[in-house]
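One chain, chain A, appears in both complexes that follow, with chain B as partner in the first and chain C in the second.
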Partner chain A sequence: MDKLLEVRNLKTYFHTQDGVVKAVDGVSYDVNKGETIALVGESGCGKTVSALSILRLVAEPAGKIEAGEILFDGIDLLKLTTEEMRKMRGAKISIIFQEPLTSLNPVLTIGRQISEGLEFHRNISLNEGLKEAVRLLQLVGIPHPERRIYDYPHQFSGGMRQRAMIAIAIACQPQLIIADEPTTVVDVTIQAQLLELIRNITKELNTALILITHNLGIVARYAHRVFVMYAGNIVERGSAMDVYHYPCHPYTAGLLTSVPRLDEPRKIRLIPIDGQPPDLIAPPIGCAFQSRCNYSIPKCQNEKPPLQEVAPNHYAACWVSQKDQRPWQKKSL
Partner chain B sequence: MAEEIIIEVNNLTKYFPVSRGLFRQKKIAEVKAVDGVSFAIHSGETLGLVGESGCGKTTLGKCMVQLYRPTSGEIIFEGKDLCRLSDKELRPFRQKLQVVFQDPYDSLNPRFTAMDIIGEPLRIHNIAKGKEYQERVAELLRLVGLAPYMAERYPHEFSGGQRQRLGVARALALQPRFIMCDEPLSALDVSIQAQIINLLDDLQEKFGVAYLFISHDLSVVRHISDRVAVMYLGKIVEIANRDELYKNPLHPYTQALLSAVPIPDPEVEMKRQIIVLKGEVPSPMNPPSGCVFHPRCYRAFADCSQTIPLLEDVGNNHHVACLLYNQSRP
Partner chain C sequence: MLRFIVRRTLWLFLVLFVVLLITFVLMHLVPGGPWDREKALAPKVVEALNKRYGLDKPLWEQFVNYIWGVLHGDLGVSYSYSDRTITSILAHGIPKTATLGILAFIFALIVGVPSGVAAALKQNSAIDYSSVLFATIFASVPGFVLGILLMMIFSVVLHWLPTTGWGTFQQLLMPVFCLAALPAAQFARITRASTLEVIRQDYVRTARSKGLPESTIRVRHIFRNSLIPVITVAGPELANLITGSFIIENLFAIPGVGRLFVQGIFARDYTLIMGGILFYAIVIAILNLLVDILYAAIDPRIRYE
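So, the complex of A and B:
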């Protein structure tokens, strides 16, 4: 398969009063053309920052991409000038943000906001842009688009705003869309509508998708490959099937057993992951998950485990897993 | 499960006026947030209440603990109708009806220490003083899995999960018989959610307290509830025992909700058919005629836009408000 995006050893740090927050600390992942991958993890694990880094949207001066390469179609995005980068955003890579109410401009009409990118990238007039906006709103399922392009974001409901966001994201037919928790603020029935819409559109346009979410169910439904993040690192990667059926990192296994499942008999008790994620200003020396892990060995305290192939195309950053015995798998199966 | 009814809601409504004008406010419409709801909760039982945002589930919960005064209807608690009591008469009842709020970041006073937060109910109701007060707070902290030495800390020094534990400790301080939990997990991460669920389970076993558990997460509701009620646009459309509801959902809305919940297993997901509902929840200011769900319903027929379906027992203590089932019976 053709590689569209390759992120290599990305490090994005935030310089705060209390010290340096290593939000993303040496993350590598790749996306093939037309593929959907998922970045999964809890809040603060660095999944959003690692995706924002691709678009170079990390807020400076506090946030800074310290090291790494982001190869998009062979071009290193980190080496582009600001002007060259502007030409990528929206045209080649676009993003759907989590909260459409705060990420849409409240004083511009929806049509104007969809047209904005088209005018910039395609060099067309506002009038032509608005015509295209009508077509796009139709495509994302908004009734009466010829009237709705003159509405402001506050006149749209939450689900419709997110549809408008999708219309903006696909306007220039990008090769890659980043969807950052696209359905966290909407209800389940609307979530189902939006995700189906995103899936159909990416399929039709053969667009690659990076789906950022904490919802393991959504990942299972939509992603081909999964990258599990914890404390600024990828701790497990593999195909959705492998990761869900044979989790090779105890954190992934813990996440899977801590959520109740509708298709299984009800458990008497859930098995939570005790404790909480580490402070990213002073992360532990060894494995970041070690203090919450039931299977840790002395080595985990002293040495940080690298991401290594533990089965064909299935990688995990865990010392225990590498010894080829995964006690958590027996438990969860 | 004891059969004693602890709190009973009869035909409850809560309408909010919509007014226009700055000085001479004129009522132009009403939002029917809760529109004729009846059910009962037994002691030591958990009733799960699910529905989408704006369906009135929080309003219903707030009415039950009298944070809102309902427009009409009855709430019977310990033989008294709470809706008819004056604020003063209500006070002793407030001890027994407590709340755990959604967002532990907003619902804890940032200028209070953990001790002030948990102890406030004890102070207000003059229950404990001095050494006894401190001991009681320490005991409550231990009860929710925090350490007594944390009593001097402020909310910002706690993590999200720990803050929600403080919220639970505060609710428990007065040994209530009923706690309304309003989306207590939605601000927490997945791995922390299970900790709070287990905590709520343990406390219920220990004290026999009844919960109204409001949530939009159907998997969590199945885990924690004994019975489940589904709300749509101010009305309960289906209510049944947990296993019955999840095995045999009858209302098309419940079926769609259940099918919309993604299951964390790619293999299962590949084979699954999901029901994607059309459109969005209509405005409660101007609800559709007949069955409020009919414009989005995939099984609606002509009569649905005319006749309001009533919540009827279809056997097995399973109540559903849908013409599909009301008609099929003789």
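So, the complex of A and C:
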């Protein structure tokens, strides 16, 4: 398959008063054309930052991409000038943010906010842009789009705002869309609708999708491949089905047992992952998950496990897993 | 919107009435009267004066008479400037004071808002620090100190500008600058703070993610939102400037209303005080209405119905 995006050894750090926060510390992942991958992990694990880094939208001056390559269609995005990068954003790569209310400008109409990207990338007038906005709103399932383009964000419901965000993201038919927890702030019934919408649209336009989420259930349904992140590193990667059914990292297994599943009897209690993620200013020497792990061995404390293939096309950064032992699998299945 | 304006205008009359009532009561509660002199006037003279100006009648009747006069466009006669009506005093003073105030307001906006924006866009740079430094200086130096300093530099030492007076462009420069210093500093500080807040908003990041040019992001996404708090303070500030400054008008010998009102209060010139308050109240009420209308124009979330 054709590689669309290849992130190699990305390091994005935040320089704060307390020290350097290594939010993303040597992450590599790739997306094929038209493929959907998922970046999974709990809050603060670096999944959003690693995706924002692709668009070079990490908040400066505190945040800085320190090292790595981000190859998009063979071009290293980190080497582009500001102006070249600007032409990429929205046109080739776009993003759907988590908070549709705060992510839309309160004083501009929805139509305007959809059309403005088109106006610049396609060099069209506001009127043509608004016509296209009507079509896009129709596409994302907003009734009476010809009237709705003149509405302001506060006149839209949460689900509709996120639909409008999707319309903005697909406006220029980008090759890659990043969806940063697109359904976290809407209620469950709307979540499924929005995810179906995103999936149908990406399929139709043959757009690649990076789905950022903490919900492995979503992943199994919508993503082809999964990258599990923990404390700024990728700890497991593999096909969605493999990771979901045969987690090779105890953290992934922990994520799976801490969310309810409809295919299991309701008697099974949810098992939370105890403890807190490590301090990213001074990460531990060995495995970052070691202090919260029930299966750790002495080696975990001293040496950081590399990401290695533990089964065909299934990689994990875990010393236990690399010894072909997965006690957590028996427990979760 | 039209209904809102009509309703607010009707409210204005009630507000003005209440303001006049409170002023009237307070004015008469203050000890002293218009005929108090260092050398006391003969009781007969005071009695005659009171009779002539209607001050011998009960207070409520005086008030009713005053309001009746106001409704007919008659603000009464000044006690200290004999034979001059309040209307003619205001008509002479207001244009000068308002010219000064409006020029100072425009100057303050032109200087304050862009320097606040520049400071915020280049936070923690030399531009930012110098903008904050000047804003702090101009916010803390009193107008009369600034005025005297300017006079010493530009009139006494350099002989570029006349010290005082009214009528020429050169005579306007220093008082306008003195009046504008404080509001300019306030505009700069508020603009800086609100721009810094807006810059961090998610929708600005969204605008960037669309690949818009930086200039469009600034004008369309940042400024429109960051100017809302500036409008809030600009309204009362303009009212303050239009109604004049006792200190600046005194210092530069400008025959405006700001000076007159304060002198009127010292002289217990009841009709002048009432006329002055009426002018203040009308200006402030109208500008508040304008601010509310501007709010709705700039922020679609605000609707008055």
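The rule we apply is simple: the second predicted complex is superposed on the first by the 330 of 333 C-alpha atoms of A that agree within 3 Å, B and C clash if a C-alpha of one lies under 4 Å from a C-alpha of the other, contacts with A are read in each partner's own complex, and residues count from 1 in each chain.
As a working rule, a contact is a pair of C-beta atoms (placed from the backbone, for glycine too) under 8 Å apart; a residue touches a chain by one contact, two chains touch by 3 or more.
Note that the coordinates shown come from a computational prediction; the quantities given were computed from them, not determined experimentally.
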(Q) If we overlay the two complexes on their shared chain A, which of chain B and chain C does A:Ala164 touch? Say first, second, both or neither. (A) neither
Q) On chain A, which partner touches more residues: chain B or chain C? A) B
Q. Given the touch rule stated above, what does A:Val320 touch, chain B (first), chain C (second), both, or neither?
A. neither
(Q) With both complexes superposed on chain A, which partner does A:Val188 reach: first (chain B), second (chain C), both or neither? (A) first
Q: For A:Ile271, select first, second, both or neither according to whether it touches chain B, chain C, the two together, or no partner.
A: first
Q: Considering only touches as defined above, state whether A:Phe120 meets chain B (first), chain C (second), both or neither.
A: second
Q) For A:Arg86, is the partner it touches chain B (first), chain C (second), both, or none of the two (neither)? A) second
Q: Please indicate which partner A:Phe97 is in contact with in the superposed arrangement: first for chain B, second for chain C, both, or neither.
A: second
Q) Counting only touches as set out at the top, which of chain B and chain C does A:Ile177 meet: first, second, both, neither? A) neither
Q: Could you pull out which residues of chain A sit against chain B in one structure and against chain C in the other?
A: none
Q) How about chain B: which of its residues touch chain A in the complex? A) 52-53, 159, 161, 189-195, 197-198, 201, 216, 218-220, 222-223, 242-243, 246, 256-269, 274, 276-277, 280-281
Q. What part of chain A is in contact with chain C in the complex they form?
A. 55, 57, 59, 86-91, 94-95, 97, 99, 102-109, 113, 116-117, 120-121, 152, 154, 165, 168
(Q) Quick check on the complex: what are the chain A residues that touch chain B? (A) 42-43, 157, 159-160, 187-193, 196, 214-221, 240-241, 244-245, 254-256, 258-263, 266-267, 269-274, 276
Q) In their complex, what parts of chain C are in touch with chain A? A) 200-203, 205-213, 216, 220-221, 224-225, 298-301
